[in-house]
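For reference, the structure discussed in these notes is given below.
Naming follows writing order (A, B, C, D, E and F), and every chain is counted from residue 1.
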Amino acid sequence: MRTDHGYDVISIGAHPDDVEVGTGGVLLRMAQQGYRVGIIYLTKGEMGTGGTPEIRAQEALKAAQILKADLLATLDFGDTKVVDTPEHRYVVAELIRKYRPRILLAPWMRGGHGKRGSHADHLAAGNIVTNACYYATFKKLPIKGDPYPVPALFHYFLPLEDPPTFVVDITDQFDDWMAALKAHASQFLNPEKMKHRDYIWNLETMARNYGNMIGVKYGQGFKIGEPLRVSDLTDLVKFQP
Amino acid sequence: MRTDHGYDVISIGAHPDDVEVGTGGVLLRMAQQGYRVGIIYLTKGEMGTGGTPEIRAQEALKAAQILKADLLATLDFGDTKVVDTPEHRYVVAELIRKYRPRILLAPWMRGGHGKRGSHADHLAAGNIVTNACYYATFKKLPIKGDPYPVPALFHYFLPLEDPPTFVVDITDQFDDWMAALKAHASQFLNPEKMKHRDYIWNLETMARNYGNMIGVKYGQGFKIGEPLRVSDLTDLVKFQP
Amino acid sequence: MRTDHGYDVISIGAHPDDVEVGTGGVLLRMAQQGYRVGIIYLTKGEMGTGGTPEIRAQEALKAAQILKADLLATLDFGDTKVVDTPEHRYVVAELIRKYRPRILLAPWMRGGHGKRGSHADHLAAGNIVTNACYYATFKKLPIKGDPYPVPALFHYFLPLEDPPTFVVDITDQFDDWMAALKAHASQFLNPEKMKHRDYIWNLETMARNYGNMIGVKYGQGFKIGEPLRVSDLTDLVKFQP
Amino acid sequence: MRTDHGYDVISIGAHPDDVEVGTGGVLLRMAQQGYRVGIIYLTKGEMGTGGTPEIRAQEALKAAQILKADLLATLDFGDTKVVDTPEHRYVVAELIRKYRPRILLAPWMRGGHGKRGSHADHLAAGNIVTNACYYATFKKLPIKGDPYPVPALFHYFLPLEDPPTFVVDITDQFDDWMAALKAHASQFLNPEKMKHRDYIWNLETMARNYGNMIGVKYGQGFKIGEPLRVSDLTDLVKFQP
Amino acid sequence: MRTDHGYDVISIGAHPDDVEVGTGGVLLRMAQQGYRVGIIYLTKGEMGTGGTPEIRAQEALKAAQILKADLLATLDFGDTKVVDTPEHRYVVAELIRKYRPRILLAPWMRGGHGKRGSHADHLAAGNIVTNACYYATFKKLPIKGDPYPVPALFHYFLPLEDPPTFVVDITDQFDDWMAALKAHASQFLNPEKMKHRDYIWNLETMARNYGNMIGVKYGQGFKIGEPLRVSDLTDLVKFQP
Amino acid sequence: MRTDHGYDVISIGAHPDDVEVGTGGVLLRMAQQGYRVGIIYLTKGEMGTGGTPEIRAQEALKAAQILKADLLATLDFGDTKVVDTPEHRYVVAELIRKYRPRILLAPWMRGGHGKRGSHADHLAAGNIVTNACYYATFKKLPIKGDPYPVPALFHYFLPLEDPPTFVVDITDQFDDWMAALKAHASQFLNPEKMKHRDYIWNLETMARNYGNMIGVKYGQGFKIGEPLRVSDLTDLVKFQP
């Protein structure tokens, strides 16, 4: 089931744990299906209320092992300081050329609004990755590697008013996904943070809600920004909830 | 490639030629792929400026032959009088139970606005079919046949502001699709009507525009009203334009 | 400045006073510019809290005189009972053929929502007129008159979230427009109704708000449902606020 | 805490169980807070796959008792045949005048789209109630009772792309709400229907998802179609999640 | 009526007079209700056509006195140069920790489009404040003060297509609000600027239009980006227009 | 037909060929109508896969000659590095003051999303020009020239879900427009690039699709961000498709 691409899927997030929250169940499912899976964080998450960069790196490693990812890379764009600059796009474009993923996952770049809306780093990460996909095809860009067009880019972390284009069934991966989230103990099992919010309940609910949309117990939802190209209409029947 | 369903796809339109315009290339492609294809009109198109019900029935038959459809049914809801009533939903639900299509195609029910916006019959047809899909599953409905849940419903005739969820490549079917459209000579090759509008040019342009969206020469676009259910993320890669 | 059309503009509303509220200033402006102006109500407004059909007919006549309309027609579709049926579309299509307006004005058919949202009659009126425009071109329709394509259809009564495509400056017509509104004394100067709402203040505010959008004192706003066709780009400069 | 209105809140749905699913937790909460609560169904639900009109009436009664409603009325507009006609609006307007609710709850009238989109009866119910609210104020309407303006109308059954304006915390009512839903055993505990879908899991998920939006365990979401009128800005602080 | 927070409300704008235009009536109303009110400008407005930084500072002081604000702070992010950088977010987050407002008011960050659309500084101000609200809760951020979650963030300066979530009645404050606006004489009573536009008329119209939406004479409108959390449904009745 | 403005229209794009693709037919039409036409690129397009800055400059010159533009200016904001900074806005504002265009054309700043969505440079260009239009009116800005309000700003490069406000008929200019596009041989006739995409077919299709919207063979579409100001309603009739 492996392909000539370096990676079948790479999921990119702004901070350690973003990737796991938004795409963890899907990554594990893909790994179980025999695909090669990678994770990239744009920052070390050093401004997170819980943990330290060192603790978070260990937690991320543990989570990545549970999710069976065989790439875990962490950039240092600066927590709370992720901005969609040309330079950041170049860095990610170079990684795209290096890892040649068939599928990229990244936060949606038009996040929710409001007081507890999307972290600015998430929106910036979505923009950086989207632009980097495009830039990775420019042969004259002053970066290493051969031009590479990413075949598919899907977005996670969708705001309330933006229903997903598709939902992946992660029912069979749910328990391990939960374990991967709990590996980020400084974030989701942190007594100080849990005073205000029951993260595990929230995350479980999110997966149930996406599952509901397609008639399964647990799911993770994604947005595609372009029409699909279909050759055989009946191919779509199996995707009908 | 046949299934236990009666039909693989049935395309429903308000008037003879609606089905051909919005879905003809796709129907032919499916027939060529070995699927069983049907066409249902809700009216005889008796108010159309060109043709008569008899002429239009002959034209429709010719078009259906070109498109290799093995069902051509015409209801009599009344041209310019198609309304989304419970009774009309019952009639279509009964047909759904009879033909048991895996896929239904119908006009989008929130058509464009403006002076030359959607014909009211098209919007009504979209609503009737959508509701009939649901009603076909109600076992107590006073209609014949066993309850049947249509696996997939896709919509054509999308207004400008509503881009398609997916586009089907009809490049190889383009010439025959054109022939099927020209079979409706009273509509598209009618000198009286062509004084105001070059229908063939318009229809060809529509197919080119949809093709453009997915990187092929000709296409037909459709909207899905619900998230897709995905089991293997790489299944979606082949759908990427 | 007259044309070979019967009327330059006809404004259609569900009840006496709708046309005046949404389009009165524009009608007067057109009349002053030498155009031929007509008004059609779909009902007598017999369910209005103020007035009686007789009183309202007199008020409407007075308003029409102030606005210099030379057509005032009242249909009897039934106040609170206006529904977008094929039969109602036929009636209006026949009137369109009879009066041959260059421009039709009608309520927007996707009104506001909420407890004090659009009166159902207004939305139905918008749908009837839009469909009638289309139907008026069908030569086989069982109605009198020659097929006639209405050159332009614009919509008034726009909900909050729907900004106008264009606003007509009615600053010079404002005083007479106010007089025409006050002619509908049973509606806008009715002490019983004014206990709850100062209609004149509201209507004046509406005109000020539209005026604000284009940099004049008073205006009336309209929506166009289709792209404009432009031959000389500088034609649009004069429309820039 | 009682007021001079007949009822503090009346929730209207198309079929027995709609009201419970969309608003049950809120109704119970209000009853527990000392308010007077009513339920009206527009049909007997005779086309539902599970149950009979008699069984459903008994289930509804049991549910209403659990939710402490002191009004349970069932109209007979016809299951699968609910249409927004002037006559239906009159019937509901008359009930509004009779029960004089401070708050009305009704389905949202622009439901989801797609194969499993909103039941046509739900959308029609939303339209009927919205229009009836307006019509109830018209003194000349040929119906009984004094004109009555409903102070507040809120909508439930929101499609995916329509986030709620507000969510009511029903955490303390969750268990009883579940009991009320299970009282509709022919619908939600029906082995035949449960082969395809685990209704209780779905409904619980829906409540968890709404709860998530405001930082509580369980909630029910509603939409308001108009701006709120605020006198003291700090009043809104307590509504902040 | 005072609370343990430092300020009940702080309104933030890009330039002197933005706060007054968008929120002045509300600030005064709150001050009259006994709340503690503050104003922060992100720039001195040195690029404004009228006035100088010194003159504008004096005008702002006068306006603040009329509005009974007891905080008037002016940052120096640079007029026409306000950009949503991490550093600017830090500065505002530090102020949030210092003043501990219960409510923050800021421009909406998705402004109108078009030639006379939102000043880029306004959009940037909206983004900076929204992100700063979030950042103020991060204890590791390299800024002074204890983490502080702002209970409520509301947005002003809404584009045409974005109706307000709520409108505050400022009828009783209208005259003083006008006086506060006129205190910015270099902006709104400047003969050079008034050649092109009657600012006072425009601002009065804006308040009338918002008032219209809730059935009062004058109002100011705001947007909330998240669902409200409701405990007692009847709490919302008093907010119904 | 010339006016007291320096230029009747100036079209601004991020890279050589953007202006031609989105607005070339319109520019030629205007030149043929006797108007003075200019072109400004914000970058040299040095990162384009085809050509070199020198080759592209020559191609651009040739295209400009075909389109009869009498201004061709190229800035150096950096290909793939165009960002909406205050400094870039100043540069463009200074050019606006220098050339005093009656009409500015610029990319739409809310481009499409998705893997092959808008080049980040296009969106940035749209924002820079929109803000520069505003900034050009600020007399205190540290740039040369007298304040100048651009009468009209229209946007090209519209994403799928954003239909145009107006379309310009370029049927008579189509052949020359094609020639101008082919002058950019390194981009559109480049064998290396054409392996993946038939640019000429795509561009022709785009023009046919816009033409379709207004009932002509070829067109180019634009968006206006504000309501039009209308004095004579019949002026709009000639714009009706």
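Everything that follows uses one rule, which is that a contact is a pair of C-beta atoms (placed from the backbone, for glycine too) under 8 Å apart; a residue touches a chain by one contact, two chains touch by 3 or more.
These figures come from a predicted structure and were not determined experimentally.
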item: Interface with more contacting C-beta pairs, comparing A-D to C-F; value: C-F
item: Far-end chain from subunit E, centres as C-alpha averages; value: B
item: Reference subunit F; chain at largest CA-centroid distance; value: D
item: Computed distance of Cα centres, subunit B from subunit A, in Å; value: 38
item: Intercentroid distance (Cα basis), subunit F paired with subunit D, Å; value: 52
item: For subunit B, residues contacting two or more additional chains; value: 115-116, 152, 160, 163, 213, 215, 224, 226-227, 240-241
item: Category of the chain touch graph - line, ring, star, complete, other; value: other
item: Touch relationships between chains, expressed as pairs; value: A-B, A-D, A-E, A-F, B-C, B-D, B-F, C-D, C-E, C-F, D-E, E-F
item: Subunit A residues within the subunit F interface of the complex; value: 84-86, 89, 109-110, 127, 130-131, 133-135, 137-141, 147, 150, 152-153, 224-227
item: Subunit E to subunit C touching residues, read off their complex; value: 115-116, 160-163, 197, 201-202, 205-206, 208-209, 211-213, 215, 217, 240-241
item: Residues of subunit C that touch subunit D when the two form their complex; value: 46-49, 78, 80-81, 83, 112-117, 119-120, 160
item: In the complex, subunit C residues that touch subunit F; value: 8-9, 26, 29-30, 33, 35, 102-103, 151-152, 154, 163-169, 213-216, 221, 224, 226-241
